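Following: one structure in structure tokens, then a few remarks.
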Amino acid sequence: MSRSFDLLLVGVMLLNFLVLGTSRIRVCIQAAALQGVLLGLLPLLVHRSFDWRTGLVAAGTLAVKGLVIPSLLLKAMRDVQIRREVEPHLGFVASLFLGGIGTGLALLFAGGLPLAPEHDGSLVVPASLATLLAGFLVLTTRRKAITQVVGYLLLENGVFVFGLLLLEAMPFLVEVGVLLDLFVAVFIMGIVLDHIRAEFSSLDTERLAELKE
Amino acid sequence: MPALVLVALPFAAAVVAALLRSDRARAALLPATATLHLALTAVALLHRVELKPGVWLQLDALGAVVLGVLSGLFFLAALYAPGYLALRSDRPNRVFCVGLLGFLGGATLLVLAQHLGLMWVALEATTLSTGPLIYFNKNPRSIEATWKYLMIGSVGVALALLGSLFVGYAAYLGGHDVSLVFRSLLDEAPRLSRPWLRAGFVFLLVGYGTKIGVAPLHSWKPDAYGEAPGLVGMLLAGGMTSAAFLALMRVYRIVAAAGEGAFARELLLALGVLSLATAAVFMVRQRDLKRLLAYSSVEHMGLLLIGVGIGGAGVFGALFHLVNNAFTKGVLFLALGNIHRAYGGKTLDEVTGALRRLPLSAGLFLAGFFAVTGSPPFGPFMSELTILTAAFSAGRLLLAAAILALLAAVFLGMGGTVLAALQGEPPPEPVREAFRDTPSRTIPIVLALGVVLLLGLTIPAPLRSLLTTAATDLGGKGLP
Amino acid sequence: MLDTLVQTLLHALVLALVPPLLPGIVNKTKAVFAGRTGPPVLQLYYDLAKLAEKGIVLSRTTTWVFWAGPLAGVVTALLAGLLVPLGTHRAPISFPGDFVLFAYLLALGRFFTAAAALDTGSAFEGMGAAREVSFSPLAEPALFFGFLAAARVSGSLSLSGLLTGAWTSGWFASGGALLLVLAAWFVVLLAETCRIPFDDPNTHLELTMIHEVMVLDHGGPLLGLVLYGSSVKLFVLGALVVRLALPVPSGGPLPAWLLFGAGMAALAIGIGVVESVMARLRLVRVPQLLVTACLLSALGTVLVMR
Amino acid sequence: MSAGLAAPALSLPLLLALVSAALWSVAGLLGGGLEPRRSGPRLFAALAVGAGTVGLVGAGAAFVAGGRAVPSGAGLVGLDALSALFLVPISLTGGAVALFGLGSWHDGERTGPGRRLRLALGLTVAALVLVVLARHALVFLVAWEVMALGAFFLVGTEEDRPGTRRAAWIYLASAHLAFLALAGLFALLRATAGSFRLEPLAAGIAATPAGTLLFWLALVGFGLKAGLFPLHVWLPPAHAAAPSHVSALLSGVVIKIGIYGLVRVLSLVPDPPAWWGGTVLAVGAVSALTGVLSALGQHDLKRLLAYHSVENVGIIALGVGLGTLGRTRGETAWVLLGLSGGLLHVVNHGLFKPLLFLSAGNVVHATGTREIDRLGGLARRMPGTALAFSAGAVAICGLPPLNGFVSEWLVYLGLVSTVLGRRVPDAALAALAAAALALVGGLAVACFVKAFGAVFLGEARTDDGREARDGGALLLAPMAILGAACLLVGLGPALLAGPLGRAVSVAAGPSAAALGPLAAVAPLRTLGAVAWAIAGSLALAAFLGLRARSGFLRDLRRPAGDGDAAASTPAVTWDCGYAAPTPRMQYTSSSFAATLVRTFRGVLFPRHHRPDLTGGAVPEPGRLFPAPATFSSHVPDAVLDVVLEPAFAGVARVAARLRAIQSGRAQTYLLYVFVTLVVLLLTL
């Protein structure tokens, strides 16, 4: 694996911290978008030989993760006029701290798993797990529905990173299917967000805790 | 190539439904599609062939069992749907019908998929298509339920994807050309990389376990089942869970073939027992009937995992229980749907004396209650007895005793609520036109109960052989 | 054969005629202790004869049960008497487990006597009935533990066998145990026949009585039957105690009968003495005394088993 | 059952039994289900009586045939002496109950419940027959559950009355717990013996852990149904709430099925450990004692009778336990006496308890109350019922010359022969049991003197019974039948020696061959003769009493008031010359039992509701008299009210607290998913 590849992965991980650290939802979304763009570039670096499949996957990823979904979220944010994630269940500093621990754990865990020679020493596995954890952190600690969607995006990005190891293993159809599913999922979430806003005139998930026991 | 048609049919119908103008036509489209699907299923079941490597869509024994359940259940739901939608004619049903058909298509694809990735795609599709169904009632409670369902479901499915990738990488390290087709994975199983396989199984267990709804991953269930219309609840509790269970079983089969079966079974047992306990805790004095059924679903999914975890004849019992549970849930959810309509509520605050106000539906609900709590001569009893016997045969006396104790607790919890709702004096008639039992709204329930009763009295030979094959595929054995 | 027949007839005659004598002896003893002349020993016979002449006053409340009480009392007591060996021979009726019949016959009598008392609908007689049926159950275990001990000692299952056998083998082997049983049975006797310290047969304070208060409304022949019945009961239970306590001398029936008669007389005098020297217990104390009796004979059984 | 009918080799008795079962279900379906307008009840009664007769004939035929029939009917069903023995009370009581139902339960305003009642009744009895015929675990379980659920609907017949629903629920809960235990039991049998057939197990299983679990499952499952202490909790409420003839069926037959199952399963085990028999024996003794004690404290006539069922089942279990112990020790006498005593008591209790419940039902029907302290003096208004009840009372107290005495005597005899035995522990246990049994007998007498006296004797305490009448022949005939049967068994126990012996030899399982004839250890002929003597002398006494004062018979039928001066002078109760006594001054049942209840307060936990003397009870300055105050007392159920209710409340509280984990926040739920993932990953 090339050095630039690992650099991009480092960038992905740093973006996790940006998402975890900021209270401004716009920044969150843009960070996720940027992460999407990086993910879109990664496939091109995996293969020494460029083929049309990789190109399509890269393009699709760029489009979906980098453009469409972020713009959807930004629109939703504008509609409901919220700027900041106020008083999350876990403070931003603490989130960053946990994110750091998570990244460390990811490195440890990945160390325990065998790798193919060609992947040896690459940051793929730790990066993927770290992003996954970051996604989970956002999902479990943030109150605004939009932020949670961002968390879900991070989660998916983590999975995607790992998928790079299997680019040639994964048949094209599945790749596309995965992308499509992700897109539809977020799209439907967007719709639901819209309804939530219409129903509660807010995107605070505290309102969504009526059903108990 | 019936497989492809089977998958294509519902999606095509969904498109048609989306295009159709009139709500009544759309409502009518459902039974038509369901009947056709059932017929095709029958054909597919009759002409099953041995698994060929490299084929992506094919019906093996396990798939056949679940496909039969799925198609039959959807048929009943579709029979029930027109009457129900006529009752709710105040709201458009386009999204609803499309969602239903999409669910059928996704689930069928899931059952037929012989490829790890494709199977995942199908499951995600089913998840997404059912979201709108839960939101049918369009009130704050239902939107909350939908939100949780989507969030938790999607996260679970994402974890499952990572798990699938792990398995794929395990194969990659196995050093042969990576194809995620089950057949080849099974053939190569011994050479898969154990650490990745185990990790992959854990992720898949958590991911698909979320869809199956075993504790502690069940948290979306009561909300979703509680707020969705009766027939959706039925499809979720009987169809979605069964399909997700099938997905898990396919993975389990690979893990077992790779020689990690013991490890996997321990995890299954742990989650299973935990589910039973959780269900018991939440059923005690549960005032909401639909949530009660949701926890009952948690309980029975737990039983499925336990059956597989025990191994031997327990696997047969688990698969048989999957069939029984699906149709029993059909009885319960549809009957409860009627009661819900009649009282305009589903908690003990509104519902009392249902046996007087709605004799037929309430009677069927009572029968379903006895069936689901494992009373003979209904099917669930037979399958639970099989699982229990397997536990004893495996020498797990404590486990068996624990199962018995938890089942008792579940009965105590469930019975109190159910009887309180069915017996006693009904409240004065509501002002709006009184709901009555009509054939269209009761015949599907009677059919479902008939199936449950039949399965309790005897296992038809074809089904028996099918279950036996499926059980042996999963490393268990059939009834001695 | 003939001998058996004669003995049986004798048994029946003694059982039928002698009982009213016992209360006479008891009262005479008490009179002596009190320094009075007291009624003649045969007083009860005179009373019975007189009562037989009288008419009956029936409460409008009563039914056939009111009659059944006295009759059943007499019949069951007599039948029970046929189970207890008196002379040298086995009792007229004797079979394995007949001691169960013995106890349950008395219970049958108790059932109807108490029911008859309730039949009058009087608060006092209800109270008496309640006490009668409340105290005697506590006496039953004492009785049965005794039977069991004697049975294990003698290895026999019938009253005749275990009462006789108890002496021949038992007293030397395990005398202590049988002594305990004897004590317990004496207490049971006092309780069952409503004697001091359980009940005072000739008090007239209804609130403190048990047996007497049950029969307040029985008059004339019915009262006669009641008195006769209770005397028979006294005789039968007494015979039980005496047969356990005394041996059967060899050398023909005559000495045996004489010894038995002497024993019964001694028992009656003993009761008289107890009644003269003791005071009635408070009713709440009665159960405790009975439980003590049970413990005594239970201890006896344990000793026998050792 | 269908398989049973289809099977080629069906012995005649078995066929008859199956026909009877079929008739019962038909009766239920026609008489209850699809009712031809008004004739439903009559049709039901007719079919039911027919079914009962067929069942009796079948049982008789089975005894004649020798009663060791191998399971026929494809091995699904079979009829041996043990099954036949239980078939007798089922058929007899079933028929009697159906007749009584026709008398009391076909009045117009109760048609709806009436139909459901008949349907459930027919199916329940059919299932009962099938349970005793079953030779295959699945047949057994299915029939068992049909019976259990049928009984649930029977108990809930009058669900509109207060307390009925709770009673039905308590019953259903215990029934299902029992069923689960049995499912576990048969699953275990299947796993160990390798077959669902009810066939003798291999030796040595009893000693394994599986064997221990097997015993406990059987004891709990069947004990719950039989109502052994402390599993009896459902009995009192259910018997009180159910229609009286249903109560008769419940206590006469349904709870006996628990005993049947226990005996049947024990008979499958070739070598029961000593502690099995000992445990059953001890449990039996405890149930007998607690049952009769709790009965003493009741004011509700039917609850009182229900507690006596606990007592009698205890006596039965005592016999069964003794028999099992005898099998372990190889003492044939214990086996013969214990088992025959227990089984005979099953039949006897199946006769006199329905008799009591039917007469109690007649009282409730005529007065509309079950409160003993509201009744009184009914003997003059309902002489027939009074006679029936007194007969039942004498029988259930085990008093000669009626049937109760025979079975209790057999048990006593077995216990005493154990006392004479060599092993001191056995002897001590038996001695304790015998003494306990004696105490129980005495207390039972006390209790039934109270019940009989308070309900039928003295003066009516309230107006409830003013218009009470005996009711028609349909109500009296069943009682007459049952009473006659009681007397018959009492007078001719020797007649039963044969069938009883056969049943015992089946119940004794593999070791049965060694058993001698029952008559060898139990002189039943002598006992019969003595019974005749007792009955004769009582009759003679009655006759003499009649002659001496020819007022006797007239007193039987005499309405209050007019007497016969020549025979006897009518007057008011003298009562020590107490002036103007009123009926309310009579000793009530509560005060009657007060002494004993106080003596045994340690186990009865009597509750007193005293007036608050500091408050309104003392007069305020202005007023002369204190405000009216009330005092009441009741004896709660020592297990249900004292232990279980609080325990369940506690559990429910804990569960409620645990439910906080379902907080409603998606974030929390996702956290659970995450935690699960991490925990499972740690197991790698």
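All chains are identified by letter, namely A, B, C and D, in their written order; residue positions are counted from 1 within each chain.
Everything that follows uses one rule, which is that a residue touches a chain if its C-beta (ideal position, glycine included) is under 8 Å from a C-beta of that chain, and two chains touch if they have at least 3 such contacts.
Here the structure is a predicted model, which is why all the values come from computation and not from measurement.
For the interfaces B-D and A-D, the C-beta contact count is higher for B-D.
If you average the Cα atoms of subunit B and of subunit D, the two centres end up 44 Å apart. Work out the mean CA point of subunit A and of subunit D, and you get 70 Å between them. Subunit A and subunit C have CA centres that are 98 Å apart. Taking each chain's centre as the mean of its C-alpha atoms, subunit A lies 31 Å from subunit B.
The set of subunit A residues touching two or more other chains comprises 139, 148, 205, 208-211, 213. Multi-chain contact residues, meaning those touching two or more other chains, occur in subunit D at positions 659, 662, 666, 668, 670, 681. Inter-chain contacts, as defined above, occur between A-B, A-D, B-D, C-D. Residues 55-68, 71-72, 74-75, 78-79, 93, 95-97, 100-101, 103-105, 107-108, 110-111, 114-115, 118-127, 129-131, 133-141, 143-145, 147-148, 151-152, 155, 157, 206, 216-217, 221, 283, 287, 294, 298, 301-302, 305-306 of subunit C touch subunit D in their complex. Taken together, the subunit A residues at the contact with subunit B in this complex read 112-116, 128, 132, 139, 145, 148, 152, 155-156, 158-159, 162-163, 165-166, 168-171, 173-174, 177-178, 181, 184-185, 188-189, 192, 195-196, 199-200, 205, 207-211, 213. Against subunit C, the residues of subunit D that register as touching in their complex are 376-377, 379-380, 383, 386, 390, 393-394, 397-400, 405, 408-409, 412-413, 416-417, 419-420, 424, 427-428, 431, 434-439, 441-443, 445-446, 448-450, 452-454, 457-459, 522-523, 526-527, 530, 533-534, 537-538, 541-542, 544-545, 548-549, 551-552, 555-556, 558, 560-561, 563, 567-576, 578, 581, 583, 585-587, 591-596, 599. On the side of subunit D, the complex with subunit B involves touching residues 138, 141-142, 145-146, 149, 156, 159-160, 165, 168-169, 172-173, 176-177, 179-181, 183-184, 186-188, 190-192, 194, 209-210, 213, 651-652, 655-656, 658-659, 662, 666, 668-670, 672-673, 675-677, 680-681, 683-684.
Note for the complex: subunit D touches subunit A at residues 659, 662-668, 670-671, 674, 681.
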